[in-house]
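Some structures to go through are shown next.
The same subunit A turns up in both complexes below, where it pairs with subunit B and then with subunit C.
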Partner chain A sequence: MDRKKISKADLGRWLDTIAGKYELIGPTEDEGIIQFGPVQSSAELTLEYANSLIPPKSLFFPPVESLFAFRKRGEEIQLEETKPLQQDRVIFGIRNCDVGSLSLLDRVFCDDLEDSYYRERRERTTLIALACPTPPRSSCFCTTFGIDPLSPAGSDILLTDVGDVYLVDAVTDKGEELVALGEGLFAPLTEGEEKELQPPPVDMPQLDVRELRERLEALWEDEYWEKLSLPCLGCGICTYVCPTCHCFDISDVGSTSDGVRYRCWDSCMYSDFALMVSGENPRPTKRERTRNRYFHKFSTFPSRYGTGYACVGCARCLVHCPGGVEITEVIKDISAKEGVSDR
Partner chain B sequence: MEDKLQELVVELLGDGAMEYFIGYRQGFEPSHVVPCFVTDKSEADRLIWGPLCLQNLSKYVLQARDLDGKVGLLVKGCDARAIVELVKQHQIERDKIVVVGVPCEGQVDPRKMEQVLGVSMEQVTDVEDAGDEFLVKVGGEVSKLGKEQVLRDKCFYCKHPTSFDYDYTLGEVQPFTIDSESEEYDAVEKLEELPLEERRAYWLKQFERCIRCNACREVCYGCYCKECIFDRTDPRWLDRTPLPRENEIYHLIRAVHLAGRCIDCGECERVCPVNIPLGRLYKKLQKDIAELFDYEAGMEYDTVPPLVDFELDDQDPFL
Partner chain C sequence: MTANIYLPSIATVREVRPETPDTSTYVVSFDDPQLRESFAYEPGQFAELSIFGVGECPIGIASSPTREGLLEFCVRAVGTVTDALHDLEVGDKLGVRGPLGNSWPTTEIEGKDLLFIGGGIGLPPLRSLIQYVLDNRDRYGAVQIVYGARSPQDLVYKEELKEWEDLPDVDFHVTVDAGDDTWDGAVGFVPPFLKDINPSPTNKVAFTCGPPIMIKLVVEALEEMGYADADIITTLEMKMKCGVGKCGRCNIGDKYICRDGPVFSFEELRSIPGALEV
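On to the complex of A and B.
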């Protein structure tokens, strides 16, 4: 579809029309925290945000979800599956780093071992991405990982703020359906506007990650990990705010005769994450756990799924780590390490 | 003061008086200060000191327990209370720690500063202590903010701005005034006045946001159990799922376990990514402990936390 425009005043009208037909989810502010949540009307949304604290991966892979309920009566066991969604959804305002993370998570949850809960949420959701404000936050580094904050790649529609109007790029059938809902609110761009209405280019520091994986893999036994892990507190913030982390735990809550099987996020930074029933723990100290996190992002994930790095440069871990373990510094440190240490 | 600190650290590392030193350095942006572990003299020039050096570094001494030598630590007076308690609770021997006391004239609460300035901390390039106020630089412009506007809650009622127990000190606190009439337990008393159901509803709403990242536990000096009750799987006392009822129990168990040991360092509230006002919960504990047992944690070495102590004539009507 050709590029269109919508006035800022009409955006709310369009979203309200969408909310009449779909579950509308977008950025809201509560207690000083930006989060993606369901809204009844566009008036509940905020547009003054860089990004949400918890990434929108939580809308596809929730922090806690019921998988099914079970009942046992005598010898009879009844299972009741949980429906992941009641209604088709539209997510408004997702940023491109998080769009990029979904294509990585798709590999985990939709490749050969399909996760029906995740898949249903993905299929029944339309993404309206909102190009990032310029200048970006000083912490952002998505372009390092090949993400273009102004591209519609991966979403269904991209909106770009160019002053009085948003440019509208609907790039999938799902996206065009939503644009069709807003009849009369969208206008084509004149030839002059095609040239004039351009977002300012995004200027972001670029980290050198060309040989990151090879360099990292040569550092498995390096003393670097000991030092890096000293300030780590062993909490789970970095993994819970990470849009690509996807580890989970499963537990039955209730009694042996009546209960619910839940899945909830887990974190490889927890000391008991890799603990086995035997008492053996292959990652006994923070050194191994910290090393594992970076290996997973920059070596294990790419080698297992044949993708790029499993980091999208959203900088959430950088900003929120209470111990000040900074992923950008790790990348720089690894790139600066000379030679190969004793493997 | 930074020069003095850096020189001292270089000297202590050179003498072998400690294996490494823990202080502060600037993080990815000027207003973001993070812990700095100095293992080599050449890194001492990264150490900084100022009103954004928020973290209580005391928890880190526990991971240095097994070192052959000592660990050096920069402590504000408030953080030193954790050292006192760790020693009293037999978690580390005092002579394993080289305490470098720093005179603190108040720390900035970044969330308050963002509200007062109306800009994100990302825009703040410098914060300087100037007695009764802070000089704050945003985009090249310097503005003056009275300390009462942006200080961390705990700083209003600071009991000792410099540690009473130190091996080295970087100086004395210059007197300053805070233009405020609020009292230490104002926020707690306001909550206490609410009817029980409203008070419960208030806390349940706060705990609902909890994502159970455990940051409040991990940053707390007092959470040093080898196996935390929350991690036990047999029996499983508490489920890991961040459901409201589990979150409520999580926070109440943690609070009760810290009764009489909480030193009001405010770290739990500061690190909470979802802004749960844990400081108020723990302030309530301190108030109760002060009223019931006339005890304040971390203020001196020769008293015992009331809930780890007993006397033969203690009342025990519930037994």
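On to the complex of A and C.
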């Protein structure tokens, strides 16, 4: 579909029409915290945000979700699968780093042993991405990993703020269906506007990650991991706010005759994550757990799934780490020519 | 597997056979007659066993697909779920999710002589292949079994061990770490016992499973005897959870033990950083 525009005044009208037909989810602000959640009307949304605290991966792979209920009736055990969604959804305002993370998570959850919960949420959701404000936050580094904050890749529609109007790029059938709902609200661009209405180019510091994996793999035994793990508190916030982390635990709640099997996010940074009942732990200290996290992002994930690195440069982990561990510094350290620098 | 990879199928305990003071064999069959017919697995695969309200844990399938009908699991009571499994009696229900993981290489080893080295509760996963080989005897060469446990009462499959001992085409050796009044067999740890037997590496593939320290020393012994790493095969026990390569727990390098294993050769394991560090 050709590029269109929608006036800022009409955006709310369009979203309200969408909310009448779908579950509308978008960024809301509560005491300074931005989060993605369901709204009844566009008036509840905020457009003044860089990104959410918790990545919208939580809308596809929730922090806690029921997998099925079990009930014992006499001798019989009945299992009832939990339906992941009641209604088709539209997510408005997702940023491209988080769109990029979904394509990575797709590789994990939609391989040949498909996770039906994640799959159904993906299939029944339309993504309206919102191009990032320029200049980007100083912490952002998505372009390092090939993500273009102004591209419609991976979403169904991209909106770009160019002053009085948003440019509208509907790039999938699902996206075009949503545009069709806003009859009369969208207008084609004149030839002059095609040239004039352009977002300013994104200027973001770019890290050199060309040989990151090879350099990392040479550092398995390096003392660097010990040093890097010293300020780590093992709190797991880096994994909790990461849009590509996918570790989880499965557990039962209730009694043996009536209850629910659920899964919840877990963290490879927790000391008991890989602990076995025998008492053995393949990653017994912060050194091994820290190393495992960076190897997963930059070596084993790309190797296993044939993708790029499992980081999208959203900077959530480095902003929220109480120990001040910054993944950008780790990348620089690993990429430093003579082994690793002495931090 | 069901279409939902997390959804177990309901099965009923048909028989409970105590093996040692803390270990029992559970013989189960699916309640759904269609699934009973269609459930296909390879020796070496595992399943997630569920006690609803308690949880789920991965247990190797100890039976062979060549013996039709029932599935066997040998379970030591060591944790929350395995303790709850031990409360099961004949007629009780449980959940079974599987089969999961890869399997012993049954085709690649055709025509080879086979050496099985088990320690304690490491024998059940090997037994699925041993039974498979004995049921397809003409496809394989000589069979040698070396088994050990801490004490005579810690040996599993006591009746079956006697059968193997009596089979003319199986060379069977058993030892215990410490004997008692009932024991007139060999006494000593498995690795030196294996060295004394000194099985030739020629045209042979060795399979081993047991406590990590035993595996480590057995592999050292086998390498001393001239076995190549590619011909030493084990099944890895790590803390698996989901069983389907998603929850992130059981990785070694870019492999998930639950998906790419649990069966690996030592040649593979040596190429993966950290795989042998436990």
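Just so it is clear, the second predicted complex is superposed on the first by the 337 of 343 C-alpha atoms of A that agree within 3 Å, B and C clash if a C-alpha of one lies under 4 Å from a C-alpha of the other, contacts with A are read in each partner's own complex, and residues count from 1 in each chain.
The definition used in the following text is that a residue touches a chain if its C-beta (ideal position, glycine included) is under 8 Å from a C-beta of that chain, and two chains touch if they have at least 3 such contacts.
No experiment lies behind these values; they were computed from the predicted model shown.
Partners subunit B and subunit C, brought together by superposition on subunit A, fit side by side with no clash. By the document's definition of touching, neither partner reaches A:163: not subunit B, not subunit C.
Touch criterion met: A:240 reaches subunit B, while subunit C stays clear of it. Our angle of interest has its tip at the CA centre of subunit A and reaches the CA centres of subunit B and subunit C; in the overlay it is 90°, to the nearest 10. Of the two partner chains placed by superposition, only subunit B is touched by A:262; subunit C is not. In the superposition on chain A, A:31 makes contact with subunit B only, while subunit C stays out of contact range. In the superposition on chain A, contact of A:184 is made with neither subunit B nor subunit C. By the document's definition of touching, both partners, subunit B and subunit C, reach A:251. Nearest C-alpha atoms belonging to subunit B and subunit C sit 6 Å apart in the superposition, given in whole angstrom. Applying the stated touch rule to the two superposed structures, the overlap between the subunit B and subunit C interfaces on subunit A comprises residues 249, 251, 266.
Per the touch definition, subunit A reaches subunit C in the complex via residues 67-68, 70, 72, 75-77, 79, 81, 108-109, 111, 113-116, 217, 220, 246-252, 254-259, 261, 263, 266, 268, 273-278, 280-282, 288, 292, 296, 299-301, 303-304.
Interface residues of subunit C facing subunit A in the complex, by the touch rule stated above, are 1, 3-8, 10, 50-56, 78-79, 82, 91, 93, 95, 212, 237-239, 241-242, 244-255, 259, 273-274, 277-278. Residue ranges on subunit A touching subunit B, taken from their complex, read 31-33, 53-54, 63-64, 137-139, 227, 230-231, 233-237, 240-241, 249, 251, 253, 262, 264-267, 270-272, 286, 318-324, 326, 328-329.
Residues 20, 25, 27-29, 32-37, 39, 55, 59-60, 63, 111, 122, 209, 211-215, 217-219, 231, 236, 239-243, 270-271, 273-275 of subunit B are the ones that touch subunit A when the two sit in their complex.
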